[in-house]
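Shared chain: chain A. Partners: chain B in the first complex, chain C in the second.
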Partner chain A sequence: MFSSLKIGLLIVLLAGAGGGFMYVKTLKADLATSEANNQKLEQSVEDQKAVITQMKADFEAQANIKATLQKQHDTLKQEFANLDKKFNKINGKGEVRDIGTLANERPDSVERIINKGTSEGNRCNEIAMGSPLTEKEKNATKKSEINSECPSIANPKYVPY
Partner chain B sequence: MEQVVKAIAEHLGVDASKVVPSASLVDDLNADDFDIVEMTIAIQNATGVKISEQEEAEVVTVGDFIKLVESKSV
Partner chain C sequence: MLILSTFLISGCSSVRQLDVFKTEVERQPLNLPAPLTPKLEEIKWTIITSENADEVFAKLKAGGVDPVLFGLTDEGYEALAKNFAQIRAYMLQQDEIIKSYKEYYESTDKKSKNK
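Take a look at the complex of A and B:
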């Protein structure tokens, strides 16, 4: 009876040890899985941080592009207004310019001015399509030296009076 | 000369004191190409002197207008 008790106790101990072993093994596996998951999470956090940083940079770049475009828009709007003013200018006596009358009185002069404007407009298109500026265009600072159709892109040193 | 200066000052709406012979019509008085044509007509009407379109094309300064008028008034 005593030996049966010992055997029973031994079985219980072995079962306990086996259960403990399995428990520890499962714990280790769970721990390894947790560590792997943790690493994935940390990597994910790092990736998200990088994405946020990139998004911030993109946002700043977009803001800069928007500001640049707005500035260009304002400049072009002003140039368009200047061109419009060229044909409807009011002189110091309050008289509105009449190109038709001028063309009747001084046809060659008006033709010369229109031809000059056309030539300058064509040059504006060339510059807009990537043609490099000439030294003369780059260094123009006086109103008489500029391309009056598009000074903002043709004459970078020119500051309107 | 006074008639030329007056015509230019009135047309451009600037003070006559700025309309000096050395002043560039475009760079100093902010005229554009059409202003020069209009001023030529105004000067012709004020002085009775005929200025050709070719002569007008070579005008750069106030002094150029004055010289043209004076050379034809004599």
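Take a look at the complex of A and C:
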């Protein structure tokens, strides 16, 4: 009777110890999982930060590109307006320039002017197609030195005055 | 005995677990060469009016050139000049767009390589 009680108690003790051991073991495993999860979360936060930084850089780059394209568009628009003005300039008398009348009156002068303009326009097309600038073009700063058809691309040092 | 044999046979199995892994292979940059820049031919305009027509044709004949001219009115010339200016502006803008795309995407690739 007494020995049966002892055995019973021993079994209860062993079961308690076993249960405790299993509980601690599970706790350790849970802790390890939590630590691993934390590391993953931290890494995830770092990754997200990197993504946000990259997105900011991309937005900035896109804004810069758009600004550059807009600036180029404005410059080209201005040059086109200048060309239009060449044909339709208003003289001192308030009359609109008529190239036809001018050519009829002074064919040689107008011929020389339009041939110069065409030659400069051809050069502009070459530059637009990737032809490198000559030293003379690069260093031109005066009106008499520039390519009047497209100074924005042919004469980088020229500032309109 | 039967159980022991089963364990022994399964222990000698030569089939191993397959490891599958992926390696990122970067896309090759296109790097197309720029087309050759043509040297444009010179164009010579001749202005002909009712008064200088005979003189102009005589000059052409004297210069051994066919006495024929392809004409434009002053308005036609103006339109031609403006058309060329527009084509040129379009080319420049397209060129800038291509450069921007290249810079934008290639610099992004460089950044991701550095990571």
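One rule holds in what follows: the second predicted complex is superposed on the first by the 161 of 161 C-alpha atoms of A that agree within 3 Å, B and C clash if a C-alpha of one lies under 4 Å from a C-alpha of the other, contacts with A are read in each partner's own complex, and residues count from 1 in each chain.
Just so it is clear, contacts are C-beta pairs under 8 Å (C-beta built on N, C-alpha and C of every residue); 3 or more make two chains touch, one makes a residue touch a chain.
Not measured: the values here are computed from a predicted model.
Student: When the two structures are superposed on chain A, do chain B and chain C clash or fit side by side?
Tutor: By the criteria stated at the top, chain C and chain B fit after superposition, with no clash.
Student: After the superposition on A, what does A:L31 contact: first (chain B), second (chain C), both or neither?
Tutor: A:L31: touches no partner chain.
Student: Using centres of C-alpha atoms, tell me the angle at chain A that chain B and chain C span after the overlay, to the nearest 10°.
Tutor: 70
Student: Of the two partner chains, chain B (first) and chain C (second), which one does A:I99 touch, if any: first, second, both, or neither?
Tutor: both
Student: After superposition on the shared chain, which partner residues are touched by A:G121: those of chain B (first), chain C (second), both, or neither?
Tutor: After superposition on chain A, A:G121 lies in contact with chain C alone.
Student: For A:A63, is the partner it touches chain B (first), chain C (second), both, or none of the two (neither)?
Tutor: Touch status of A:A63: no partner.
Student: Between chain B and chain C, point out the one touching more chain A residues.
Tutor: Between chain B and chain C, C touches the greater number of residues in chain A.
Student: A:V110 contacts which: chain B (first), chain C (second), both, neither?
Tutor: both
Student: Quick one: classify A:M55 as touching chain B (first), chain C (second), both or neither.
Tutor: After superposing on A, A:M55 lies clear of both chain B and chain C.
Student: Determine, under the contact definition given at the top, whether A:G130 touches first (chain B), second (chain C), both, or neither.
Tutor: In the superposition, A:G130 contacts chain C only.
Student: So, A:M22: does it touch chain B (first), chain C (second), both, or neither?
Tutor: Touch partners of A:M22: none, neither chain B nor chain C.
Student: When the two complexes are placed on top of each other via chain A, what is the minimal CA separation of chain B and chain C in Å?
Tutor: 11
Student: Share the list of chain A residues that count as touching for chain B in one structure and for chain C in the other.
Tutor: 99, 107-108, 110
Student: Can you list the residues on chain C that touch chain A in the complex?
Tutor: 34-35, 37-40, 42-49, 52, 73-75, 77-78, 81-82, 84-89, 91-93, 95-97, 100, 103-104, 107-108, 111, 115
Student: Within the complex, which stretch of chain A touches chain B?
Tutor: Chain A reaches chain B through residues 86, 89, 91-93, 97, 99, 102, 105-110, 112-113, 116, 142-144, 148, 161.
Student: Within the complex, which stretch of chain A touches chain C?
Tutor: 50, 54, 57-58, 61-62, 65, 68-69, 72-73, 76-77, 79-80, 83-84, 87, 98-100, 103-104, 107-108, 110-111, 114-115, 117-119, 121-126, 128-131, 149-150, 153
Student: Across the complex, what residues on chain B touch chain A?
Tutor: Touch residues, chain B against chain A: 9-14, 24, 26-27, 30, 32-35, 37-38, 40-41, 53-54, 56-57, 60.
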